[in-house]
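Chains here go by letter, A, B, C and D, matching the order in which they are written, and residues are numbered from 1 within each.
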Amino acid sequence: MTDTRATVSPVSLAAVDAPDQPTVTPELEDLYRGFEKELLVPLWTEIGDLMPPHPRSKAQPHRWEWSTLLELAGRAGDLVPVGRGGERRAIALANPSLGGKPYASPTLWAAIQYLMPGEDAPEHRHTQNAFRFVVEGEGVWTVVGQDPVPMSRGDFLPQAGWNWHAHHNAADQPMAWIDGLDIPFQYGIEGQFFEFGRDVISDAERITPERSRSQRLWGHPGIAPVSQLGSTQGSPLLCYRWEHTDRALSDQLDLEAEGYAATIERGHAAIRFTNPTNGLDVLPTIRTEFHRVASGVETAPTRETGSSVYQVFDGAGTVTVGDFTWSVTRGDLFVVPSWQPLSIRSEASASDSDSGALDLFRFSDAPIFEKLNLARTETEGTNR
Amino acid sequence: MTDTRATVSPVSLAAVDAPDQPTVTPELEDLYRGFEKELLVPLWTEIGDLMPPHPRSKAQPHRWEWSTLLELAGRAGDLVPVGRGGERRAIALANPSLGGKPYASPTLWAAIQYLMPGEDAPEHRHTQNAFRFVVEGEGVWTVVGQDPVPMSRGDFLPQAGWNWHAHHNAADQPMAWIDGLDIPFQYGIEGQFFEFGRDVISDAERITPERSRSQRLWGHPGIAPVSQLGSTQGSPLLCYRWEHTDRALSDQLDLEAEGYAATIERGHAAIRFTNPTNGLDVLPTIRTEFHRVASGVETAPTRETGSSVYQVFDGAGTVTVGDFTWSVTRGDLFVVPSWQPLSIRSEASASDSDSGALDLFRFSDAPIFEKLNLARTETEGTNR
Amino acid sequence: MTDTRATVSPVSLAAVDAPDQPTVTPELEDLYRGFEKELLVPLWTEIGDLMPPHPRSKAQPHRWEWSTLLELAGRAGDLVPVGRGGERRAIALANPSLGGKPYASPTLWAAIQYLMPGEDAPEHRHTQNAFRFVVEGEGVWTVVGQDPVPMSRGDFLPQAGWNWHAHHNAADQPMAWIDGLDIPFQYGIEGQFFEFGRDVISDAERITPERSRSQRLWGHPGIAPVSQLGSTQGSPLLCYRWEHTDRALSDQLDLEAEGYAATIERGHAAIRFTNPTNGLDVLPTIRTEFHRVASGVETAPTRETGSSVYQVFDGAGTVTVGDFTWSVTRGDLFVVPSWQPLSIRSEASASDSDSGALDLFRFSDAPIFEKLNLARTETEGTNR
Amino acid sequence: MTDTRATVSPVSLAAVDAPDQPTVTPELEDLYRGFEKELLVPLWTEIGDLMPPHPRSKAQPHRWEWSTLLELAGRAGDLVPVGRGGERRAIALANPSLGGKPYASPTLWAAIQYLMPGEDAPEHRHTQNAFRFVVEGEGVWTVVGQDPVPMSRGDFLPQAGWNWHAHHNAADQPMAWIDGLDIPFQYGIEGQFFEFGRDVISDAERITPERSRSQRLWGHPGIAPVSQLGSTQGSPLLCYRWEHTDRALSDQLDLEAEGYAATIERGHAAIRFTNPTNGLDVLPTIRTEFHRVASGVETAPTRETGSSVYQVFDGAGTVTVGDFTWSVTRGDLFVVPSWQPLSIRSEASASDSDSGALDLFRFSDAPIFEKLNLARTETEGTNR
């Protein structure tokens, strides 16, 4: 696996954007000192950075290798207890150009969480919207509002803000998964609340059902329980099982092969996880999708306002984000900053027994942009 | 099966509601003649009927027995061809107090449709919203927009207005099912359009897939194809399979037994068929639901603005609508007029091998009332 | 004023639409008798009428002359008291082809209401949505929820269902105005409720303010009272004053003259009365607009699903609806049935002192069609 | 005017919130070095700051005096030209605890803009949503989409993102006003675009009409132009005139005096500027309101998620935000950070000729919080 960081020259934004400034005379110097004293800043010295022609992300494209993450998380499992105060054994991706903060992008948090056999993570709730996605393993149940929700490879568990939740590992193996939240966004706009719940969940919640109650109420396609009707901002369905995601993606590629509109471009199937009460995103601020790129296919470079984090679920390939290109394989995570073009190439299958498709889970801050009228997308043609 | 039409006295609305009228003098008679000549009608002579204290349906509660319907439909299969012009071998329920019109209620059309082995019903489209529900049989595919959709016992197929559709019977048996439409409503407000399509569908549409393309795109719980996103007034999912409906109902009764909120009242599970693009009703004017009343349970009398038609899918029981009480069994249909109280009693199971639940499919005009701010519901307490 | 009812031949729908029927054999006759006995009706004998290629209204275009209405209403003022039971001295337009029912169209009620000096109309409420429009006169206040709302020439007063309301005439002259309601629509779908209120309003409600409280809270352009926020199905603004309507129409014609997009076609200004809480129609089922057709202008024939009633507010002209053409002048009312083309011609001004524009108030059932996905409009080009 | 910055001790968040940390062993140190090397950050060391129990704003309450701003802006008028590149002679409020950035709060930009007689500010457009509010003066027109919009004392001019706009001063006096934008918010989430327009506007746009075309189309209460219908994310009404705002506020206090619900608390009238196409906020990200606090009234301390900036329009009084209390008078601006309680006291009127009310214009980021399900408000009772 190679990291070809080709020709990334630090762009001198100041040189490009700073407008001509008025000649600095003693009077102007005096005026600027007056501004400073009175806590004022003129627009004409700042406009180039503040109001650029298009988004220039402070974040940098970056890839994290799953094997390294998992090894470090395993060591944390041995050395760091889970309990009240620290709350979770979660280790966050820190974008290389965001000052060491635990931010994958300016709006998104992505972390690997690790729970040892028999361990519990204590109950709490927060306004931050969250989800879990499982790239491998099983045996942990997330208890949301006292409803134990199973987690297995490929499962996606959204959990809207202000729901009580805890985790318990009922297996005899450690288990890792990724957490995604809007922590940086809510930190930035200063809207977040947090409360501790019970330190220990009850025995009744320590059960390990194959389906959560949320799935039994809401997990039937196009079917809503009349007793629970009404649109909710977060999805009441707390687990989207891999078997359904997988089949939906296969169906799209099959339909494409039969000559019907189903994929978003040739060889590129994509599904969105939706809230069954309104057909919208599962979380108020976070969009979640699953993409399958057929063997040998390369997607058209596309840029969007807002940032995304991807995790490779299966297969191998090459990903290009702006000036960065990486090889990726199962579990690897990478971040796509705002308005950086992304292209994904699936490695052609070597064997007959393997579909060779590249499967990727994706989450982004797109709902924020769409609700506030700031969403833009641009797909490049052949000019790369 | 008995039809106990207990104590239905024709209410003299005029006696009750007509306000005191001004004494008829020669001058007033002359005025009334002036009104008539100029195509005018005074409110004070009409208000009692036009603006009653609550809805008094022109329709009457009525039950149709499935065995009779099926027998007559079978004879029509032998005597009446299906083809362009007549369009469908459909036989509609005519409410006994709506003047012989083919209206189950003032807004709803309900018919048994019958197709012989090898027969086609020709393609057409209309603004009337429609659905099919299958109480028994299999072998017919409804071709909607050239997508063949399978029909088997328990399946529900919504089909919003202005979609091209045809049927073909690929089996060696006749097949019957029910059609529901908003024909009377659209006839009343005068908004309907109709167009003939092709007389013969192509061989490519004569296939008999287990799942339609619509199901392959939209039939995965909480999962939307990114290439097809956007809220639509009618559901893009064209078949809701019985296995999912059945499981959702069972899950509700199981959850109730475990002590959780899931049913709409004790022993009464209910699901609504919803449009996955927005979580709302599958059709702009028609609501569709499935109800399961556990063995020995009697539902609380409830009245609503708007009318409903029910078909018994399984089990047996007793239904009371206003002053009417009927025994019902598999396939029987009954209509509940606006603001008439309905109660359903499931027959206690005689055997151990049978759940004894009474399963009912229901459709109603509730979306019209909800969108126009006219929906009201009233559930009686214990006072029957 | 002439009524040129040119070439209206009764169209034989049966001849045009009835499909070929199966040959009537004894077996078929027997089957049809079976249908009848079991309260069933086959589709194939009814489809031509029930599902026509486009709406064919049961209603007929018709014009009522204001002078005649007013004269008859005045006689009713002398002969018929207003009071509890009859509720209102309202005289409704009865479409000539709707069987003598007080329906202007299959969905709309339009009536002239008349109140003598010092008279009260008692308080009541109903789910029927209503409005008043004043073509001439002043001196009556409609008391809605105990808030007296003034009525003068050109004022429009919407009043959503289920609000208590009464009228009192504080002037020394009789006053007439028109009432519009959705009585036929609610009667047809059977959703209506009605309640009597107080027989006599209090002295505090007998005041005659220049602006109602609703106008003081909501009558400022683009400005909402923070204490009353939240979208409501009916407008909280209870009076739309003529001075604003008039100015908005003048502004559109002026903007057009200056070269800007403002009118709906050349010389044809149109405003819609909207609910300030959501920008939608003022009533859940009724759309209300004001049109101004500049002197000498003829509007393009346009047809829509749904019906409208117009009242001439000022000016004179010629109106063509389907096969009917009438001269119209101040106060005249006419009805446009579903899918009938309408064209309006303003009489060229004879004098310099008069703008010569034809001003028309319009109400229709368009919100019903739009909310239920049944709205269609077609504007003819030059081919009349 | 005094600035009593009472007892603001820098809160040691670390001491309060940092959870107990695991004992640092050599293995743990090694793990932490591994995290650092791999661009990872553990949650358990950061959670106290990242996920606090409630918002703790990085911003500080602060007041800027208008007299000082105006004096500095006047000097800038003499020293700094307006032109392409610098774009505007705007001087922004820089919150004292946001590192010298031109941010009034983490999401909001507020600036005084100053234009000399005969000057133009060149045309541009940007996705940032903006408005102008005029505390004194007149003579400038903001040309939005080639439509010149007048600006006078008390007028409010919203301007949604991506509209071309320029300014021209047609008077013989300089003019100042405030600009509000969502620059910091869009900078943080990285969604902004910017484009230069024409350097010089045409003579046709240099006119000085009393009403803009937008006002002629949309400035009539509850009345929409049929040719322009459809909900828009930004208001099509580009100027909300002071006469309407003033009258709406007076009406509320009068209604309160007459005993009716109209104000948000006793003696505290408030209106919101709304988009007439949907009744919502005039801008997708910014809420704008006007408040009038009657003479001698003190408002109940209230805290909200999200931040606000206020400008005193008239009157004088005392404002308390968290631990800060200031005297304020005409033109003064102050910022209320997220979740800081605000109370406003109007100075009792000294003279008979003056109403003594304190009038304040307010803008905030509330739409962001409401659309993303993060809005919370808390009004304290008597316990201050």
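One rule holds in what follows: a residue touches a chain if its C-beta (ideal position, glycine included) is under 8 Å from a C-beta of that chain, and two chains touch if they have at least 3 such contacts.
Composition by chain, UniProt nomenclature: A, B, C, D = Cupin domain-containing protein.
None of these values were measured; they are calculated from a predicted model.
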item: Number of steps on the shortest touching-chain route linking chain A and chain C; value: 2
item: Distance from chain C to chain B - Cα centre to Cα centre, in angstrom; value: 32
item: Between chain C and chain D, centroid-to-centroid distance (C-alpha), Å; value: 44
item: Graph class of chain-chain contacts, one of line, ring, star, complete, other; value: ring
item: Pairwise chain contacts under the document criterion; value: A-B, A-D, B-C, C-D
item: Chain B to chain C touching residues, read off their complex; value: 19-22, 25, 27-28, 31, 34-35, 38-44, 46-47, 50-59, 62, 64, 68-69, 72, 75-76, 78-81, 84-96, 100-102, 106-107, 111, 126-128, 160-161, 183, 185-195, 233-234, 284-285, 305-307, 337-339, 365, 367-369, 371-374, 376
item: Complex contacts: residues of chain D adjacent to chain C; value: 213, 216-229, 231, 235, 237, 240, 244-245, 247-248, 251-252, 254-255, 260-264, 270-279, 282, 289
